[in-house]
Each structure stands twice: as C-alpha cells, then as structure tokens.
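Take a look at these structures.
Next come two complexes built around chain A: one with chain B, the other with chain C.
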Partner chain A sequence: MKRPRKVHIKQSILWQLVFVGMVIAAASYGLHNALVNLEARGISRGFEFLKVTAGFEVVQALISFGEGSTYLRAFLVGLLNTVYVSVLAIVGSLILGFLVGFARFFAHPLSRGLAKMWIGGIRNIPLLLQIFFIYFAVLQSLPEPRDSLQFGNLIFLNNRGVFFPWIVNGEWVRPVLEGFDFVGGNVVIPELIALALGLTCYTSAFVGELVYASLKSVDKGLWEASRSLGLSHFQALRLVILPESLKVLIPPLTNQFLNVFKNSSLAAAIGYPDLVAVFAGTVLNQTGQAMEVISITMMVYLLISLLISIAMNYFNSRLARVRRHV
Partner chain B sequence: MFEKTFIKSCFGSVGATLVSLISLAILGVMVSKIAQWMFLGAVFSGSSSEACREATGACWVFVKENLVFFMYGMLEKKEYWRAQLFVSCAIAAVSLLFFNRTKTLGLWLNFLGMPLLAIAIIYNIFSPETGVDRDAFGGLFLTLFVAYFGILWAFPIGTLLALGRKSGPVVVRLFCIFWIEVWRGVPLITVLFMSSVLVPYFLPEGVELSKLTRAMFGIVCFSGAYMAEVIRGGLQGVAGGQREVSSALGLNWLQSMRYVVLPQAIKIVSPAILNNFISLFKDTTLVAIIGMFDFLGAVQAATKNSAWLGYAKEGYVFAALVFWIFCYGLSKLSSRLNPISES
Partner chain C sequence: MKICMVSLFLVAGFAHGASLTLDKVRKRGQLICGVAEGLPGFGQPDGKGGWSGIDIDLCRAVAAATLGDAKKIKFVPLNAKERFTALQSGAVDILSRNTTWTLQRDASLSLDFTGVTYYDGQGFMVKKKLKIKSVKQLNGATICVNTGTTTELNLADYFRANNLKFKMIAYEKNDEVVGAYLAGRCDAFSTDQSGLYAYKSAFKDPEEHVILPEIISKEPLGPAVRHGDNTWGDIVRWTLYAMLEAEEFGVNSGNVNSLKTSTTNPSVKRLLGLEGDLHKGLELDKDWVFRIIAQVGNYEDVFENNLGSKSPLKIARGQNALWSKGGLQYAMPIR
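Moving on, here comes the complex of A and B:
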C-alpha cells in the first residue's frame, strides 16, 4: 500500500525541521559555552583587535611592516607570504613535474626508471618530513655567515639564507659581511627555501604522475595519424598530443594547486611567516582571541580555494570551447 | 632479444644516448654517495656520540640509542605493554574485517571494543592510581594510534555524509555539502589549531578533553569529509538500476543501500579509499606541529637533544624509511585492488 504523496511530503518536512532544530540546538549550546568561557577568562570579543598595534617583527614581509603596524597589517603580510610561496612552488612543481612526467613517458628505460624512482620515493614520504629534512638537516648545517660558500664574491650561501646583489636606489648593492651577518643586497631566508623546495619536490611527484597518465590517455592513433601527415616526433608531441592531453590533465592539476596552497601552511612548523604562522600563531598568542583569529584564517583559506577552483574551471571551459571549433 | 631492444632504446640515437648518459651520471653519483654515507662510512656500534667522532658517513648509533623513544615516546619501560597490547589488538581487529565470516565480529570489535580498550589502557580511566601519564604516549605508537582511529571513524562519518549529500532531503543535503566543503577547503593544520585551541571553549565548564582526544576530533572531522567525497564517487559509479531493482524486490531505502548499493560503491572506490588512507597516514605527522610527540615529533625532539647534536640527517632518513615502507606497502595493495589493472 502506497501512502498518499502529500503525507509523504509533510513527513519529510517534519523530519527536516527536526534536523535543523538539532543542528541549531547543538550550535547554540556550543556558542553559549564559548560565551561563558570567554567571559570567565576575561578575553575580549569582536574584531577591534585588528586595529591595535602589533609590536612584533616578521622576518620576511613583502609590504612594509614595522613596529607601529597593526594586526591587520600582520594578517596581510602573512597572507602575501602564503601566496608568494604557493606561487613559487606551483611554478616549480609544474616545471619539475612535466620533466618527470615526460621522463616517465619516453620509451627510454633509464629515464623511465629514474622518474619512477622519484615518484615512488617522494610520494610515500610525508611532506612535513621532507621540509624538516631540507630545513634542519641540510640548510641549518650550512656554514656560519663568516664561512659562507661564495660564488664569485657576489652570492653567499650560509645558514641564514642566500645573499645576493640587489638594486637599491637605482644602484646594484653587493652584500658585505659586517660582524656576524651580511648587510646590503637582498636575502632569501632559509625558511622560504626549505618550504618552496619541499613543496616543489613533493608536488612534482604528483604532477609527474598526472602528466604521464594524461599523455598515456591520448589515443595511439593520433600519434600514427600525425606521423603519417609528415610531422616529426617532436612536432606531433607539441601540436597534437600535448594539447589533447591537457584536456585530461587540467582538472586533477587544479587539485594539486589547491593542495600546494593548503600545504604551504606547514610553514608554521619551520617558522616561515605565512598566514598560519603569523596570524594563527603570533597574533593569536598575543591577543588570545582564538575564535576570531581562527575563523578568519579558515575563511581566507576557503575563499582562496574557491577562487582557485573557479579560475581553473574557467580556464578548463575555455579550453573545451576552443576545442569544439577545431 | 631483450638485451638488443634495451641497448637500442638506450643508445639508438643521439638524443637517446644523451639521455642515457645523463641518467647514468645521476644514478652513479646517487648510488655511490648513498652507499658511502649509509653503509661504507657509517658507524653501527657504540652507545654514545663518542663512537661517531671519526665517522665519514651516517651515525646509526643515534637511531639505535633513541629507538625506544622513537617507538613509545616518553612512556616508562614498565608501561610498554599498554602500547604493545593495543597495537596487537588493533591489528587483530582489522584483519578480522577481511574475512566474510568474521566481518560482523570485526566491526563490533573495531568500533566498540577498541575505543573501550583505548579508554581502559591508554586513557587509564578505570585504574587512575597506577599513574600512567597519558601524555607520555608518543612515537610510532602515537602515529599508529591516531591513524587507526582517524581512518576507522572516517568510514561511518564519510558514508553518512556521502549518503546525505547524494540522496538526503534538501536541508540535510545542504548541511552535508557545507560540512564536507569546509573541511576540505582548509588545511589540516588550521583544523588541528582549531581543535586544540578552540574546542575547549565550546565545552561546558568542568569538561576537559586531553590533547590527544582534541587532535583526534580534528583529524576525524577532516578525514571523514575526504572519505565522504571518495564514497560519493563510488555511489555515482553504481548503476541507477540497482536501486530500482532492489526496491522492486521489496527492500526499503536503508536495506537497498546497506545490502546492494554501498557494497558495490565501496568496491569500486577501494583503491581510492586506500590512497586516502595513505595521505591520512602521512598527514598524521602534522600533530607534531601542535606539540605532540608522534613518530616525526619524537625524531625531531631527539635531534634537538644536546647529547646528540648534529645527527638530524640520520634521524630524518630513518623516519623517511619507516614511512616509506608503510606507505609503499599500502600503495602496492591499492594498485592490486585496482579493477583496471586487473583486467
């Protein structure tokens, strides 16, 4: 016996109301507790703290950040550093990943073996471990500034980073050793090197596997067709196979970019001043406003993840549209 | 025959020869360096860093002397049995899941028995006077503990979320989408920060959760959301007719999901589920950042010990090998389960 449809819908609405009620009850219970606890510990609420002077220093800031800067400014510094290292790692992992993917694809046993080793080795070791290794075991064991490794008296490599000449007021300025540290020129801090390098290596293994799979997914007939049209091996790859494989490659590649962006938060472990380290670390410790700080941090990550997805979807749909006309 | 094609593909043309030479150079340098560092110049015997003073390679004494710390963390020697008992029981309970006849028993043990066991011997609720410090548990045991519960609970939570997102009523569907996308959109580190800093605020006064429990809460939420998306992929892969056939046979929605659709869905995505396990296993290392001494955290702490300064490389290489063995084993298992590679 089937029940009349109306009763069914009414029942369904009732259950949904019960569900909503339960969610609201749980949320408001938690919120009530939070308010009571915050009151008891004397922690202030609201976003006023963003205007307060931060009074700490950051080792790497892409925009000026001094003693008088506010917490809002600190947030921006962290966010920019996150974006900076993510972009570096994405570009690096694309280059290295394509190299690995092609090496794995070619009918050359040695290059294939090396690429397989790279992918199988890197993918199965936690990223945090790789970053720790580069930072603590390699970069920290470099010599002190006074015993730097030198490259033509211009570039200096030591345990405080890479120092190199840079334009200041329209003039090239060379880094010079003064006391225990270098002055002048520009520096790449070891935290940035470790994080960018770790992210690049780790992601390149995944990108390499994706590139290989996408090249392999292209129909063999296309190779034969383009060769019989008189294209050379390289031309066939560049003009036919690669564009065709991009269709398969782009969507999973988007996920890798998103992963790089999210994984850049491991910065907190080695002290690279990214969004998590500066904002959810230092600012949180100084202000104690955990609720506001952590929800802002999470929202920013959500928002940027969303933006990357939208951008890549747009790129992908354009690629698909172009294809239809051909 | 094989040798001929091998030589031809390696040295058949100028380009191929060039690639061969570069690859051989890389391989040669790598093998000789690794052999020299890991074995030839390495020190294996001794009991303090004195033994490694003359070493030109690795100092494996560091790993040997700290091995117990890497395995159990700060746990006292007389309490090792707790960790050992728990891990053996977990292995037994998990292996029960792989046989059809013991599956039900396995489910009960994993979801009810093991949490009780954890409460009894790790949290030590029943005999607090014996005074085992629950924060002393660490090392590889902690990694396995966190990974075990994280992976296990991801299953029911992920299944519920996937079903809710796929075929729940509007409100439930919206809730599931929101829940899944929020956890998937943020890095695990912020989830762990949230669960270690923020969760205590939401609890009523007087209720306190240990650091471990809070970290587990974050990890389960996180892994549940990822699992939900994997299982949803499987649900989409099951032909729509299956559901109709089962309702024609008189099964209600719950029964058709339980007996017909879900088993097929999970079978389709079993390689993806295992890959999910691997990433979760690697991700558990992040608890080191919120100050817990998991395997990586213990290695990290040991390299900072003033009696053993300068042996970071050995520690990390050892940790990398251990993780590699676990993850590579799991990934081999997942490619064996892959239906595409079978055919």
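Moving on, here comes the complex of A and C:
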C-alpha cells in the first residue's frame, strides 16, 4: 500500500511542477511580447514617470497635494481616498447591517417586514445606479452656497458639501462664504457622502442577511438552555447566541468587506477622487503608461484585499480560541 | 501585431509608386471612413440612416474626388481608444473624427495629419445668472470636467498662470459632467469649446447658459491617414484645401454649375480643372474639385450646415474664418 502511494505523490508533484512551469512560461512570454511590441512602437516604459510633476488638482486630498506634487503623490492621494471611503462604508454597513439583521430576526411583524423590504429592494438594484441616484438626489435637494442651510453660523450645508470649523495652525477656523464658495474650516464633499452612503446601504443589505442567517443557525436548544438558566432574552442574545453566531458570520462577512473595498472604485463615475479615478484615470491619461499604471493599481487592490482577509482570519481564529477556553 | 507591423512596412515600401490606399478604395468602389460615435456638428447619425457633421462631409468630399460619388462611403463609428488602431491596421482608409493634431500622434503612432478642419480649444460654460464675462472672474470657482486627454492639465496650468484658485471635479463620462453642472455642483463646465456649444444646444434652457470667450488650449482637429502613403495623404490634404480655396474664390454649391461655363477668372478656371493639369499629380481626373463643390460644398457651406447658422449649434466662424477675414483657415494655393 505504501509504495504506490509514494509514487502517486511523486507523480502529482511532477505534474504540479509542470503546471507551474507552464504558467510561468506563458506569463513571461506575454510579458516579453508586450515589451517587444512597446519597444517596436517607441512607447516609453518604466517607473520613472512617478517622479514627474503631476500638475493637476484633486478636490479631496488627505495629504497636501498641489502645484509641485509628483505622480507618486497623486497615487498616494488616490489610495488614501479609497481607504478612507472604504473604512467609512465598512463601519457604516456593519452598524446598519446588524440593525437590519436583528430587525429581520425578531418576530415583530413590522420590523421584520421593513427589514425584508430593505434587503429585497437594495440587493436587487445595481450599485452604480444607487450611487448615481443618491448623488444626484443629494445634489438636487441641497441649496446653492449662497442659500446654505446653516446651524448656528458654524456648520453650513449646500450642494458643494458640508462645511464645518476645523483647526488650522492650532486655531479653530470658521468657514466663511467668499465669492463662489465657502473658504476656511473643513468640508465633506457630496461625492464622498454619496459614495459612502451608497456603499453602506448596498452592503448593509448583504450584511443584514448574513447576520440574520448566522443568528438563525444557532441551535434553538441554546436559547432554551440560556433562558432556563435565568438569563433574560437580551442577556441570552449578548452572552450566548451572538458569540456563537459569529463563528458562522465572520467568513462571509470578510467577503462583504472585500466587496466594499473593490466596489469603491465606482467612485470615478461620480467624480470622487479615488485610486482608480486619480491614478488609473488622470495619471494614466497624462503619462500614457498604461501597463505600469494598471499593474500598480491591480497590485494595490490585491495587496489590500489580502490584508483585509488576513486580518479577518486572525480575528476569527482568536474568537475560536476564546470559544475553546469557555 | 506582427501582421500590423508587416503591413506598415509594405505600405512604407510601396509608397514611392502608386497609392495603395487609392487603388484599394477604387477597387472596392467605396471609401471607408472612421468617424465619431456621436458628436453633434462633427459626426453623428442623422436619424434617417445617414450621418452628418463637418468630419462626415470631409469624407464625402474625398469620396467625391476619388470615386466620383460622395455617397460611395461607409462610416465606421470609433471610440477614442479604437480610433488610431483602426487606422493603423487598415480597417479604415481615413480617420475623420474630431482628433487633435499633436506631435505625439503624428510622430509616434505612424499617422499623418493632413490639415485642420476645425480650430478648437478648451473653453468654459457658466450659468448666465452668475453674470460672469471672463474666465479671470472664476477665482475660487468649482469646475467640472471630463477626465481624459489634457483637459485637467490645461485647466490647472491656466489657473495657476493667472494666480486663480479653483476646485476641479473630474467625472468619467460627459453625461455626468453635464448632470453635475446642471445640478449646481460646479460653477463652470470645461471642455472643447465646440463640445460646449453642442451640449448647450441640447439643454432645455440654452439661453440660461453662456460660453466664455477665452480659449485656454490649442485643439486643432483634423483628418489623419496612415503614415507612408503620400499620394493618399496628398489627396485628403488637397481636398480640404480645395474646399477652402473655393470659399475664398466665392465658388459654392449654389453657383458652381454656372461658374463652370461662365467664369473668366483664371484662378477659378484652374480650381475647377478648366485649365492646366494639376489633377494628374494626385492621380485624379480634372473634375475632382467640381464634384467636391457640387456634391458636398465649399468650406463655408459645410461649416454653416453643420456648425454655423444653419445648424442648431450656431457657432460663429471665429478662428475658423478664412485668413483673409481674420481667421486661421488658410489654404495653400491651388496652382
């Protein structure tokens, strides 16, 4: 029994090596072909362009970006904007998703019906349409800067965004209307609001369904056991059911977080300056270095997606350890 | 790719003799012309199964000159990414699709631009109620643009050079730029000025919007052919010049028939092929200009029909007036 099995393993290793070799050969042929053709057409390549001055403007930059900034800086600005909107949407969809999931889980017909409607409606409309709808609904319903809605002369709401006081050089600065727009303080642009809201709502429907399913998956006996120990309904949920349901919830939740991150690239459609819009859009157009720009962009998405997966796996395995101790 | 390269060498190799493209077109009995997918005034389906626009009329003029009939033509709509490859690979005989003539395209993409059908440039549109007369008054304004080509860079360069502050929102598609501008997200909308006129004409309330006089970049739009087939390039180049020259001499689609029999002006006689044998150098027959003017019109006819007073766009001649009337359109002499 032992000998043929060893041969089998050797054989399978051989085949795997052959397969890996073929993949590498195909990839390097493709790369070589691309390089030869680029060379033949006199199209420049390499990553030198990252040091060149970008020259354009970006409406929202978390790090300073201006006249002398390079394409590398533009890349960082885009990346940070992508991460920023993704984090907002992940936190938002988690909160909203749990609310929807609980509402659907509890027997009250009104809450259940509302949650079902929310999930059914949101899940079945393409995300891009929802983002457009929210964006143009937000823009249409807000007044022009001159007729801003204001709160105590500190916070101003108009179709250019929400303006609020902010610390500049150690001092609070209040936004003031000057010419076309408010100057000073800080602003949340409508593109960010629309994109974060769109991603949050869309993902909350999926998270809600996952939360509901994970709660449902917990054995009814656990409910009965906890209640018979004298725990209240809420205590049972918090101490027993919820921890138990997380086991089922975390892996599919990871997928949803990854989706939020990747879906954030729809930003380009409504003018939010994310990685795709700034780097794979404007920078690509200005430099013409499609191969480099697209490979960097893909690598970044891959890398961050892997990081999210690793973090979630770590969280899951820690939960599993805690469970074992209990 | 290799086939493409080989065909490029072939084209280059035979270029000294007869025109390959001209032979191909004659044999086929049809000109294949790469055009815009739909840009009012330049190239768009006219709703009756045909196409209209200034870029379309240039192709029709080339068909009239080479095949004797402006209708012997097939239009291939191309998007911005496809256009150069389609020409390089021979899928179209001529690219007439509001394309800016730049060094990079002329030298690195194996193309030859043969002239400028329309001198364009990046401009600005604002709402009339802002009472703005000049781009210089846009300090601190938010400006919506379509991401692509050099729009964003032109904008940043111009505003910085003039010490003006601005915010730029860049959208992926023009529809969203227009939507955001109309919804009040930005104070101004910036793209090629001819495009601004085209969009404005389609608004519900075009009179509520103004296009500012400043042009902040040079966008000379013209037809392109494959690099290397010089005779074909000459034909396309002189087709446009003939239309401009005809305008300069007052020869138009309305009077060309009577002028052909009555004119005593030697320049007009030469233009219409009544004297001399200028047509031979282009491998065309002597009536080629007559057919262009009779079937398509001179530059003025074509401009006014598609972009000017007889079109919904109502664009003034401006830079596109003849050089003798203060514009940039200057045809090399036909003699």
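A few notes on this one:
Basically, the second predicted complex is superposed on the first by the 282 of 326 C-alpha atoms of A that agree within 3 Å, B and C clash if a C-alpha of one lies under 4 Å from a C-alpha of the other, contacts with A are read in each partner's own complex, and residues count from 1 in each chain.
We adopt the following convention: a residue touches a chain if its C-beta (ideal position, glycine included) is under 8 Å from a C-beta of that chain, and two chains touch if they have at least 3 such contacts.
These numbers were taken from a predicted model, which means no experiment stands behind them.
Of the two partner chains, chain B is the only one touched by A:263; chain C is not. Once chain A of one complex is fitted onto chain A of the other, the partner contacts of A:55 are limited to chain C, with no touch recorded for chain B. Contacts of A:183 after superposition on the shared chain: chain C is touched, whereas chain B is not. By the touch criterion defined above, A:121 lies against chain B but remains apart from chain C after alignment on the C-alpha atoms of chain A. Touch criterion met: A:140 reaches chain B and chain C at once.
By the touch criterion stated above, A:225 is placed in contact with neither chain B nor chain C. When the shared chain is aligned, chain B comes close enough to touch A:110, but chain C does not.
Between chain B and chain C, it is B that contacts the larger number of residues in chain A. Once the two complexes are laid over each other on the shared chain, residue contacts for A:154 go to neither chain B nor chain C.
Once the two complexes are overlaid on the shared chain, A:271 sits against chain C while remaining clear of chain B.
Common to the chain B-facing and chain C-facing surfaces of chain A are residues 33, 37, 40, 132, 136, 140, 268-269. Taken together, the chain B residues at the contact with chain A in this complex read 6, 9-10, 16, 19-20, 23-24, 26-27, 169-172, 175, 181-182, 185-190, 193-194, 197-198, 200-205, 278, 282-283, 285-286, 288-289, 296, 300, 303, 310, 312-313, 316-317, 319-320, 323-324, 327-328, 331. Considering their complex, residues 1, 5, 104, 108, 138-142, 144, 147-150, 152-153, 155-157, 160, 166-173, 176, 179-180, 183-185, 187 of chain C touch chain A. Across the complex, chain A meets chain B through its residues 12, 15-16, 19-20, 23, 30-31, 33-34, 36-38, 40, 106-111, 113-114, 120-121, 123-130, 132-133, 136-138, 140-141, 262-263, 265-266, 268-269, 276, 280, 284, 290-291, 294, 297-298, 301-302, 305-306.
Within the complex, the chain A residues that touch chain C are 33, 37, 40-43, 55-59, 67, 132, 136, 139-140, 144, 159-160, 178-181, 183, 190-191, 268-271, 273, 277, 281-282, 285-286, 288.
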